[in-house]
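Handing you a structure now.
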Amino acid sequence: MPQAVVCVKPIPDPKEWDRLSLDPETGVLKRAGISTVINPLDKNALEAALQLKDRFGWTVTVVSMAPPDTQKTLREALAMGADKVLMASDRALGGAATLATAYTLAALVRKAGDADMVFCGNMSLDGSTNQVVPQLAEFLGLPHASHVVGVETEDGSTFRVTVDLKDALLTLQHSGPMVLGLTKEANDPRLVSVMGIISAQSKPLEVFSAQDLDLDPEKIGQKGSPTIVSGLFMPEIKRRREILSGEPEEVVDRLIDGLREMGVL
Amino acid sequence: MANVSDYSGFWVFAEQINGKIADVGRELLGKARELADSKGVEAAAVVVGDLTEDEVKELISYGADKVYLLSHPNLKLYSSLTYTRLLEDLVNKEKPEAFLFGAGPLGADLAPRVAARLNTGLSAHCVDLKLNEEGGLDQVVPGFGGSLMATIVCPNHRPQMATVMPGAMKMPEPKEREGEVVRVDVGEVPSPSPEIVEFKPKERSAVALDGADVVIAGGWGIGSEENWKLLEELAEVLGGAVGATRPAIDEGWAPEDVMIGQSGKTVHPKLYIGAGISGVMHHVVGIQDSEVIVAINKDPKAQIFEVCDFGIVGDATKVLPVLISKLKEKLGE
Amino acid sequence: MDFQLSEQHEMLRKAIREFAEKEIAPLVEKMEETGEFPLEIRQKMGAVGLCGLVTSPEYGGNGMGFLARAIGIEEVSRVCAGLGIALQVHHMCCWPLETWGTEEQKKKYLPRLASGETFGVCSITEPSGGSDPMGMQTEARLEGDYWIVNGRKCFATNSHVSDIMIIVAKTGTDPKGRPAFSAFIVEPDFEGFSLGREEKKMGFKGASSGELVFNDCKVPKENLLGKEGEGLKIALATVNRVGRPGMASIGVGICYASLEEASKFAKERVLGGKPIANLQAIQFMLADMFALAEAARILNYRANWMMDQGMNCDTEMTLAKYVATENAFQCARLACEIHGGYSCISEYAVQRFLRDAWVAIPSGGTSQIAKIVLGRHVTKNF
């Protein structure tokens, strides 16, 4: 049976981001008490895979690199209809930038066996880097497409993938595995049903350590990350309240300059 | 790990779609120029496509000492695998210390793959770039939808790569400058794989309110259906959508489904401009997530001025025509 | 003691909340305006599993049970109490069918109910009153292969959107000479059945409730539910164990909806340069609402958990219903108070919560009736 592998990331619920704060002593992000959800675009990825399951009987395997306490969140993917979850959970994986994340996910995808298609959310809403899709493809040696707004197939073997380049739409055609990054325009993810919740309890969820996956310690976690976060800060979100009055000509000039300064023109 | 001292110069990937070089490339050149000057090194642009020297030399006037041109008919359309391979070769040969990409759909798709190929770091959607004490790049990126900002550095790998939001860097004024276009030998270029079966430039159509980057909203202060057209015109100039408050809809100036607020839609554009709107709570709850709020109202005590970034005290019907004509002029540049 | 919801129940809450916000919330405005029940929601509620919560898998349900049902109805009611009551009464049709129905009856009716193809009705109340079943006027007599039913039921939730109804009618007297009742499964196309008026209600707008009229209505013999004479037992058990916790769950949903709206408003509403949430007067009201909501929820979860354990829980169910619906009204009232003048405008949901909470109090037995039950329990046990 062909297999779709879906990369899923548990993230702090975007509805609760206004409660995020920085520890004033350590500068570390405080996220205690904020619930965890599946990254919303990963549900679009999962939906695309589940449609292949519904239409052509594919197996759907979810892979995730996440702390062990997010198993509950990953079970939701099973409740949506995925067949199993393979999870990489290890302290050594902490602090990973996208390169190390992609390397680890690639190992999980290989662990899942032959992937006939790899679906990801185009980005995670918390980090919004857009980077994991191309980098995962690079590690797997597969072609990729990000900003995917449509995946079509007649027979489950040749795929037409539509990419949104903002000013243009590009359609690719390919037979064989690719790594695709889906946007929310790609489909409408199904809701979890009670039947799904009940069946999720008996589906496999396997947890692997870095060693189980034969990962190179130099390439994972903080060690495998060329970039480091040298500082975190909360942006000033207060409104500027710059009040302009005078002749329309003058105030409009000032407004246009101001909008350019703020990067919205 | 790379020998950091072997790498020098600030590069910009100036992306083209359909033969047109995107503005973000010019904006980034302004920044690259500034960074290069403060270290006394070169700034360069890299263009991949099917273009002539003449079509790319304008980039010199935006700050490039060199424009690397990788041209071939099969490079006209973007293909991540081919572009990655070409950039990999060029970087390994020329060794720039930094390589900046626009964070649009093309740059955001290409840069990560190039970074992975080169085994180096890449920061995403930078809003600011500056040199730190070690001469490296401090890259400021938003996280959690902008609720948090992070400074990213890439101490031991080169080039330091970053994607930068279009519009985040100021567009430089073009100047007469010395520089050269360097045509890079691209050798045999296969046709793109996966195969590109369709390339369809998007027609500009009416933008939906929900996902609009720019929202122009009008209220009772607009005064008439005739004046309402000003809002539509402004929306067209900025590629945005028009929304309305309850009183404007009751007057019949706008359809019910563009109501913004408590009982209507919540919008989260980059830019919201409210004209003739007093800013009662009903409406304000629907616009709070806007990145920048501009208010135009005759009444200096209007509540909307409490929650705006820029407030213009004046008659919207007098301010809007000026705004429209000036924007047309400046955006047309 | 374990107050932690299971992973499954937590996932259920999340799933139903998402469902309610995505599928139900867009319907509310029109339901309020027209009072019409959105028929298309039935199958969606069926597909997500809400309709089959108290029905076994062998009859098309998921059998997740009563605590799950409490969470499901609570989440639906948090968005739309009108659909909360439609769902809760639907379960009042499913549960007695599975508990007392014959194999044929279960196979015939339950899958259609669990899938949401249709909603169920369970109707006892008559124009003469709901809490005095002995005074019930509707009668049925056996003639050949049919029970001939005559009478009129009123305030029957789902009346006009249902194809499967359970009703109770007088079928003679018991050996002691008291009236005896039996329960029947009725379909709307049975000869002699018709729908009467549909009520225009103050709250629960968009939930259908109206009259069922029986005029020599011919109910096939095999549609007797349970044994002849068991009608009152079936009716009371259904009201106690399904109806009351259902109303309690609606109350809990309204409590939290009120709390959320009030807190959101208080944080957004600025007076004198500061959000009113900073004022102690507002904080006190929010604190009261929180206490009311949590107390209602815990009582309701306990009662439903007892039901899932097969324990006798009639008193706990009544207590939960009484507290949750009264607290819902208090919470909605405080939410309105925090909203000030805005509470009078239909754009703000709190006025709807207040109307819905008021209608929830007499549904399934008024608070005074509940207090009679609770008072007897106290004098007997303390």
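Per-chain numbering from 1; labels A, B and C assigned in written order.
Throughout what follows, contacts are C-beta pairs under 8 Å (C-beta built on N, C-alpha and C of every residue); 3 or more make two chains touch, one makes a residue touch a chain.
From a predicted model like this one, the values you see are computed outputs, not experimental measurements.
The greatest centre-to-centre distance from subunit A, using averaged C-alpha positions, is reached by C.
Just to note, of A-C and B-C, the chains joined by more C-beta pairs in contact are A-C. Computed from the mean C-alpha positions, the centre of subunit A lies at a distance of 22 Å from the centre of subunit B.
Distance from the subunit A centre to the subunit C centre is 40 Å, each centre being the mean of its Cα atoms. Note: centroid distance subunit B to subunit C, computed from Cα atoms, is 53 Å. Multi-chain contact residues of subunit B, defined as those touching 2 or more other chains: 306. Touching subunit C in their complex are the following residues of subunit A: 72, 75-76, 79, 191-198, 200-201. Listing the residues of subunit B that touch subunit A in their complex gives 17-18, 77-78, 80-81, 84, 103-106, 108-113, 115-117, 119-125, 127, 138, 142-157, 163, 165, 167-168, 170, 193-202, 270-271, 291-294, 300, 305-314, 318-319, 322-323, 326-327, 330-331. Of all residues in subunit B, those touching subunit C in their complex are 262-263, 281-282, 284-285, 306.
Considering their complex, residues 29, 268-270, 342, 347-348 of subunit C touch subunit B. For subunit C in complex with subunit A, the residues that touch the partner chain are 7-8, 10-12, 14-15, 18-19, 22-23, 47-50, 52-53, 62, 64, 68, 72.
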